[in-house]
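Two complexes come next, and they have one chain in common, chain A, joined by chain B in the first and chain C in the second.
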Partner chain A sequence: MANIEITDLSMSYQKDKKILDDLSLNIKDGELLSILGPSGCGKTTMLRLISGLIPIQKGTIRVSGKDISKVPVYKRNFGMVFQSYALFPHMTIFQNITFGLKRRKLDKKTIEKKALDILDITGLSNLKDRMPSELSGGQQQRVSLARALAINPSVLLLDEPLSNLDAKLRIEMREEIHRLQQKLKMTTIFVTHDQEECFAISDRVALMNKGQIEQLDTPQNIYKNPKTEFVARFIGYDNFISKEWAESKQWQFHKEITGKLLTIRPENIEIGSGENNLLGKVISKNFLGNYYQYIVETEIGTLKVNTTEDQSSTNAEITLNFPKQSLIELEDK
Partner chain B sequence: MRTRIKFSSVVGFLVLVILVVPLLIVIVTSFGQESAISFPIKGFTFDWYKNVFQQPDFVEGLKMSSIVAILASFLALLVGTPIVYVLTRFDIHHKDWFQTIFLSPALIPEIVIGFALYQALVISLQLPLFISLIVGHFLLCLPYVVRLITAGMMEFDESIEEAAWMVGYDKLTAFFKVVIPNIKQSVVAAFILSFITSFNNIPISLFLNGPDLNMLPTSILNYLENNYDPTVSAVSVILMIITALMMIIVEKYLGLNKLT
Partner chain C sequence: MIIVLLILPILQMFLPTFTGDQFFLEKYLSFFHSTGNMQVIARTLIIAVVTTLVTLSLGLPTAYWISRLGEKWKKVVSIIVLFPILTNAVVRNFAWITILGKNGVINNFLMQLHIIDKPLTLLYTNFSIVVGSVYLFLPIMITSLVSSFGQLNFEVEEAASVIGARPMVVFFKVILPQLSVGMLTGSILVFVGSLTAYTTPQLLGGNKNMVLATLLQQQSITLGDWTSASVVAVVLTVIAILVMTIMNYGTKLLDRRNTK
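Entry: the complex of A and B
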């Protein structure tokens, strides 16, 4: 249906303060791409630029080869789901869904059939005569999705659609979005700050920081091979070790990238001796449900170590092992 | 806590008494048979109400006041709503200055506005009195419109409007199909409050009236200069009823508490 090419997109609200900084990104036809990042990284601005809700200052956006930078928002034919659902409060669910269709020159029967189809695949048929205020949050977000899909958009844009829902509904809704996206093979951009929901459904993830993409990769690769310190920290690599120091201790690790830092996830550090050892003292121990977390003071700083079994206690002197295959090299940025 | 509740209920009661008792007396005196206003009344009659409608000044005044109030309120809505939309939706420089400018008529003494408009529009520009009167009442109404519509727009989620653009509506059509229906309450309230304000105004009308331009409140003042009979009480009651009816409509649409 549509691929998107974003080239050198820049945006600033004030001089010298760039929200987006020469950002380029290609989204494949039918792909679900997530834009992940902390608040203020520019992800929402990027989505709003693509949607046309804010005008482009610099750079181009092409959809299926056609430059849409100058096309006004109401002619872009993109579907959008808002964080606040944004249903039309004065219309029934059915009217909410047909509102966009009525703008297109279709006869009444076609509109009704299209609306009933979309109500059917989103499981909303029995709610069609209700008002938005009579629906729960989850139902409202479902209507919002149905409304976006009803106009048969070339691109679907999702702006943190799950963040107002409770934990259980969030998972349900995210599966629903994934199912519909797969079924309709719709090019989708999903903006979120939650790595779990983004990893679960995305084909690729663009991790953003300060208006630029830090890493663009599959969820697995981002999780297993973070490229920069920012990415590593964002996805839960809590321990950072100077490469220079590691080399001085003759530690074993892959030496493939030039950079100053190594990183390791708390659950990959082992208690006991092995190939790369370090002495430390447990300064606190916390039971966190499915694992124990030890805060260990060492000569290179305080480290976090997670184990599934209870292996030590506070104030104990322990040896830590850093397995070679779990030590990730990071690029300098 | 106890004493505070007691204190506020005493004050509330006193305010009510000071406000309501004179009104009740006016209502009662409008039914008295004696030709001078007196309280308590002797006898009971509806004659003074009949007399109201036999005074050409009052009938004309009622008509003119209604026409002016409706026109001025419409005009204030027509001008005020787009202004508020721009002020709440766009990031413009010196936003608060503009806000203050549009609210300023409420800060300037009405008698000053009346005098200034008389000087500028009637004397200098030689504009017809009726046009000047409408301009004066429009200025009187504008702050109410700006304040109430602003409140309505603030409560309205911007994303809802954006959602209409996303499904294919240009900004103007979206404004009428999505924004207006959702701030309808504020629009109705603004209209009615404007109407009441204009309908009851004296200071501005005093400067901008003329031989064929009698407003009801100024007619009452004029009548009082020469007569002190219960007709004035009767016309006051009629004015009160009209205002009260309007307030009831606002209350139904919006709730009075939202106006303050």
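Entry: the complex of A and C
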């Protein structure tokens, strides 16, 4: 239906504080792309620029090859789901869903048929005469999704749609979004700060920091091969080792290392001696359900080590092993 | 105690219309038969309606603007807006006399620019009563609208525009319906307030442009005709209660639609 090309997009509210900094990004037709990042990284601003809710200062956004910079928000034919659901409180669910359809020159029968169809595929048919205030949070967000999809948008924009829901509903709703997106093959941009929900449903993930994209990749690649220290930290690599130090200890690597920094996930460090060893002292031990976490003090700083079995105790002197295939090299920045 | 103190004056107001030689309904009938009295009722209602509509149309944009200000400025502007209520009624109206009078600010200004040759009659007209009433009641309208705007979620407006609503459609189909309760509450307060206001119509309307409240004063204090005064008072009260009931019912209907 539509692909999106974003070129050199910049945005600043104050003179020398850039929210977006020459950002470029291509989103493929029918793809579900997530924009992941901490609050303040510019991800919501980017979504609002795409939607047209705020005007573009610099750069271009093309949808299916057409520059949309001058197209007003109400003519872009996008669907958007907000964190606060943003349903029309004075309208029934049915009226909420037909609102967008009524803005298009369609006859009454077509509007009704389209609305009933979308109520059907989102499983909301039995709620159509209720008011939004009578619905639970999960139901309201489902209506919000249905309202966005009813107009058959060329692009679906999701602005942290799951943040206001409780843990169980969040999983349910994200599966629902995924199912509908696959069914309708709609180009979708999903903005979130939650790595789990974004990895679960995205085709690709753009990890953002300070108005720029740090890494654009599939969820698997981002998880297994973070490119920069920021990405590594954001997705839970808590241990960083300088290459210089590792070389001085004659550590072995599975390939030649060019960068200055190495990282390893807490669960990949082993307790006991092996190919790359380091002595440390356990300063605290925490049981976290499916694993134990040890905070270990070493000569290169405090490290986190996760194991599935209880292997040590507080104040114990231990040897840590860093298997060479688990050591990941980061790019210099 | 409170109930006694509340009810006693009301009974006192009704009672004179029941006593005396005439059957009580006749007093009301003769009141309504007088064309002069009917004119007063009509003028009172028209002034109240116009005042309500003007405060509503001035209040909406102002309240919208205030609701979008930052927290700090919101407080400052709210105090400035409430200022007219805090001043003494006589002082406030004398200010308008100096502005609207034959040698007032407006006439002097227009004469000096040679837009008019003779001073306009602005003071002691229905117009001047409306001006004074709007000035008095605008703060009340703005305050009730601001709280209504405060409950709006701006994302709802954005949601409407993304799925195709132009700004006008967003305003009339999304914003305005959500404000209906605040608009009605403000309108009730302003309408009933200007219906029963005395000082403003007295000082700015003069003796020619009488409204129910000034008529009441004339009958009782000036003429000492307490029976007729009671009739006027009852008519005024009944109109006020009637309007309030209708509008309250409207508010309930809207409320039910919102929170069914």
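Operating definition for what follows: the second predicted complex is superposed on the first by the 329 of 333 C-alpha atoms of A that agree within 3 Å, B and C clash if a C-alpha of one lies under 4 Å from a C-alpha of the other, contacts with A are read in each partner's own complex, and residues count from 1 in each chain.
Methods note: contacts are C-beta pairs under 8 Å (C-beta built on N, C-alpha and C of every residue); 3 or more make two chains touch, one makes a residue touch a chain.
Only a predicted model underlies this, so the values are computations on that prediction, with no experimental measurement involved.
K.L.:
Check chain A with both chain B and chain C modelled on it and let me know: fit or clash.
P.N.:
With chain A as the common anchor, chain B and chain C collide in the superposed model.
K.L.:
Contacts for A:88 in the overlay, against chain B (first) and chain C (second): which applies, first, second, both or neither?
P.N.:
A:88 contacts both chain B and chain C.
K.L.:
For A:168, select first, second, both or neither according to whether it touches chain B, chain C, the two together, or no partner.
P.N.:
In the superposition, A:168 contacts neither chain B nor chain C.
K.L.:
Could you look at A:99 and tell me whether it touches chain B, chain C, both or neither (first, second, both, neither)?
P.N.:
After superposing on A, A:99 lies in contact with both chain B and chain C.
K.L.:
Is A:134 contacted by the first partner chain B, the second partner chain C, both or neither?
P.N.:
second
K.L.:
For A:80, using the defined touch cut-off, is the partner it touches chain B, chain C, both, or neither? Pick first, second, both or neither.
P.N.:
In the superposition, A:80 contacts both chain B and chain C.
K.L.:
Shared contact residues on chain A for chain B and chain C?
P.N.:
Chain A residues touching both partners: 51-53, 73-75, 77-80, 82-84, 86-90, 99-100, 103-104, 144, 147-148, 150-151.
K.L.:
Can you list the residues on chain B that touch chain A in the complex?
P.N.:
Spelled out, the residues of chain B in touch with chain A are 157, 159-160, 162-171, 174, 178, 181-182.
K.L.:
Which residues, counting only chain A, touch chain B once they are in their complex?
P.N.:
51-53, 72-75, 77-80, 82-84, 86-90, 99-100, 103-104, 144, 147-148, 150-151
K.L.:
Over in the complex, which chain A residues touch chain C? Could you list them?
P.N.:
51-53, 73-80, 82-84, 86-90, 99-100, 103-104, 131, 133-134, 144, 147-148, 150-151, 153, 157
K.L.:
Enumerate the contact residues on chain C facing chain A in the complex.
P.N.:
Residues of chain C touching chain A: 153, 155-156, 158-166, 169, 173-174, 177-178, 180, 257-260.
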